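Common to both upcoming complexes is subunit A, partnered first by subunit B, then by subunit C.
Let's turn to the complex of A and B:
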């Protein structure tokens, strides 16, 4: 049993290391400090990925910021307002689960019609982030919901018994207790946002110039990798270099979020 | 003085308490005794209006504290919970240290200054006998007994008029129980302490008055009240006698009580659990007991 667990874990680790090594070997020659900051030229065959990194960070930041309040509201709806209505609560949870598995191409098309055409934002980082937020919100909401449901009911009832309001109990006890799950939800969502292509090809475009504001179009790293690999002849090694940059950015963001993740407190251990 | 008048509680499709009448004094220790499932905890929860957070419970009747109906619409549940403190059977550690746990409700439910909060928290922690070294320790690292005392300190820091304790000695070692008994006696000098317990030793040592509740098929009611010496040594009602004998003498006592049960409308007054014990061989049941 122990051997099986260790070998499975080692297999996943080796697979990840091999993937990283493969990307590094194929695209390593392109990786210079200037590559991460320089402008894209010749369709990506030369120059750097500076504007793409900026677009990526803007889209991920905006999408997370748009999705976060929706996700928190959705999770709180289930755990606080529908707490005594199991049927409604189950319906909302099922809706989140269905939305999480919605095909990203379909979401991209809907986002393009809504934000690009109806609201007139066209191909822009804003359209991309707003559409992406619809994909991230249910993902985060489910993680938050699981975290909030894991907070012992006794914590709530014993706080209420001391005369605290439901709101104070939520803000001062329940949310801090669920913080590890909330951070994990944000980490999952950021990872998903960094890796997403179909939605962003259809909404924020494939332009690689430096965006002047959030209403400019701009390709994210994942879109740039896809574009170099499929649409730019001779762009393969550059695609691998950009993929490496994507992995580095992803690991960097995840590490940053992990620093805010408090230790997991075992509330029930002593109760 | 707290007065339960015609308190009726329905929950999960059954009658838990039926028109319960109970009067408790201003100070001292009142113990509620009775078989498991006879609504003692529900009674405590109703007193602080916790039933309002549980849609499965329907409560009617009144609970008066010094003449004010605590269940009246104009009285907020938060105000009730500041007058009546409840120490649950299994306290949960709030995030943070012991000190954070005790100051938590003071910070969020009162308008006391920082100095006043510190004074109250210090007094509460000293009252429950927790050493200063424990005050800085993470509450989720405390032992069961220490956590119980933290829960008591959390409640008494708010200076409630009435303190309700649900099975306080449950899971504590004998020394911890003795410390708890001393604490209960001290606390009851200035306020009413209501204990729900199955621990007759604890009852005998701390109670000023004992109320015995029994689960009749149409709901639980108080069948006998009096001084602990009377209820625990010479109970008048057969139900009380059965319960007390079972506690002192074990399962064998249930056989001896057989005749007594005949006098107490046997089929109606005997809860199912006891009937099972009565009809089975006690030797088989003893290891499980």
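Let's turn to the complex of A and C:
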């Protein structure tokens, strides 16, 4: 028993250590300062990832910006507006949960049909960001929802008893109290957007030219890794380099998130 | 001093100031309802497009064993079988490793070492799935070929951190005295884990497995990179297969209208498979809570 569980744990950790080491050695060998800014040449076999970095920033930024107002409103709908209607609140929450666990490739196909074909944008950063926003909005809304629910109801009733309006209570007391959860929710969404491939292969494409505006196609970093590893013969070493950059950025976001979590817990404990 | 009555039920507020923020609240209502309606709207879109395929004559081919849109044959059976076999295979491989790792961390390690390994597991859980696809492509495919087995291994690697984290969470939820009581009754540590811990945590572990399964069913690119993408029933572990998700990725761009509608039906099938497994997990969680 002890032997069995220790060998499975050892197997798992050695496997992952080997993976990370492989990325570190083979990907790290390709990295130079010019790699992050240079143009992609020869289908990605040489050159840098400058346009990919630009596309990634644009898609992540736009998708988060599109989703943020929807997510905040969705969370407030549950915690402030439907307070006395638990049944509808539960229904709204279920709608968010369904979309968060939905297979992303199905959402990607809808995005391709809707933005790519019906609206005629084809492969574009805008279609990618808009489709991604469908997935990020409920994800962030759920995170915000949990944060807002953790704000004690007494804070709201005390403020209302002192004569503040519901809006002022929300803006000056409830939202500031829930700030760590709001920040964590946004970080969660950014991490998800950075890791997403299925949605973006179907909506913003695998092109690595420098995008001139948001209606141009453009591959994000994760999509670039996929394309180099899968579609570009001889792209192996560069795929590792891009994967190195992707993993470092993702682990960075993860670590920021775990740094926020203890503070969240503290706040719940003290309030 | 006169006592001020506390507001009961609906919040008390002056009507004059309520007007001031009427627009802001209306905006929250509209955007919030919009956000809640994303999921039903997307589902309706998928249903509408997918169902329109059922009006075409080719609907008769849906139950056939052949997916070949160029020959107007849209048999979903091999795709569903491919999806199920790769996801179940990945789960079966990941389950003992994930739960074994969680047992080792939770019951045999102490202090900083355990904290450190748990934190590492959390970070590993955040690795993008495409990275696992990359390792599958360069480690597995040259050795065992683009096949069902490669897909199973890639999915298993992807699911292990999640499963281990969920299993750890399940162990933490157990009553605190369980292990100590078992040991005091004279059971060995091994018996405590096998007979008490795994049995009491069974509903939670089953829920974790179903969650992992639904992730495996929906994973697209990591599987597409290594599974070979030849539609057909898998006869051997080393046979190339094709799943519902990989079909979408391979064919969406060049699909003609009818084929395009068939692809929406494929997407609908993925959503339904994943939803069925999630619903099962939810039922189990509720039954456990009750």
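Keep in mind that, in the parts below, the second predicted complex is superposed on the first by the 226 of 271 C-alpha atoms of A that agree within 3 Å, B and C clash if a C-alpha of one lies under 4 Å from a C-alpha of the other, contacts with A are read in each partner's own complex, and residues count from 1 in each chain.
Please note the rule applied: a residue touches a chain if its C-beta (ideal position, glycine included) is under 8 Å from a C-beta of that chain, and two chains touch if they have at least 3 such contacts.
Here the structure is a predicted model, which means the values were calculated and not measured.
The larger set of touched subunit A residues comes from C, when the choice is between subunit B and subunit C. Look at A:177: by the touch rule set out above, it reaches subunit B but stays clear of subunit C. Within the superposed three-chain model, A:165 lies in touch with subunit B and with subunit C [touch as defined at top]. Within the superposed three-chain model, A:157 lies in touch with subunit B and with subunit C [touch as defined at top].
In the superposed model, A:259 makes contact with neither subunit B nor subunit C. Of the two partner chains, subunit C is the only one that A:98 touches; subunit B does not reach it. Under the contact criterion defined above, the residues of subunit A that touch both subunit B in one complex and subunit C in the other are 84, 157, 160-161, 163, 165. Listed in rising order, the residues of subunit A touching subunit B in the complex are 84, 152, 154-155, 157-165, 168, 172-173, 176-177, 265-271. Interface residues of subunit B facing subunit A in the complex, by the touch rule stated above, are 48, 50, 53, 55, 78-79, 81-82, 85-86, 88, 90-95, 104-105, 108-109, 139-144, 147, 151, 154-155, 158.
The touching residues of subunit A, when paired with subunit C in their complex, are 1-2, 4-9, 11-13, 15-16, 19, 22-23, 69-78, 80-81, 84, 91-92, 95-96, 98-99, 101-110, 112-114, 134, 137-138, 141, 156-157, 160-161, 163, 165-167, 191, 194-198, 201-202, 222-223, 225-226, 229-230, 236, 239-240, 243, 246-247, 250-251, 253-255, 258.
Those residues of subunit C that touch subunit A in the complex are listed here as 4, 6-7, 9-14, 17-18, 20-21, 24-25, 27-40, 42, 45-46, 49, 96-98, 100-101, 103-105, 107-108, 117, 119-120, 122-124, 126-131, 133-135, 137-138, 157, 160-161, 164, 189-190, 193-194, 214, 217-221, 224-225, 245, 248-249, 252, 260, 263-264, 267-268, 270-271, 274-275, 278.
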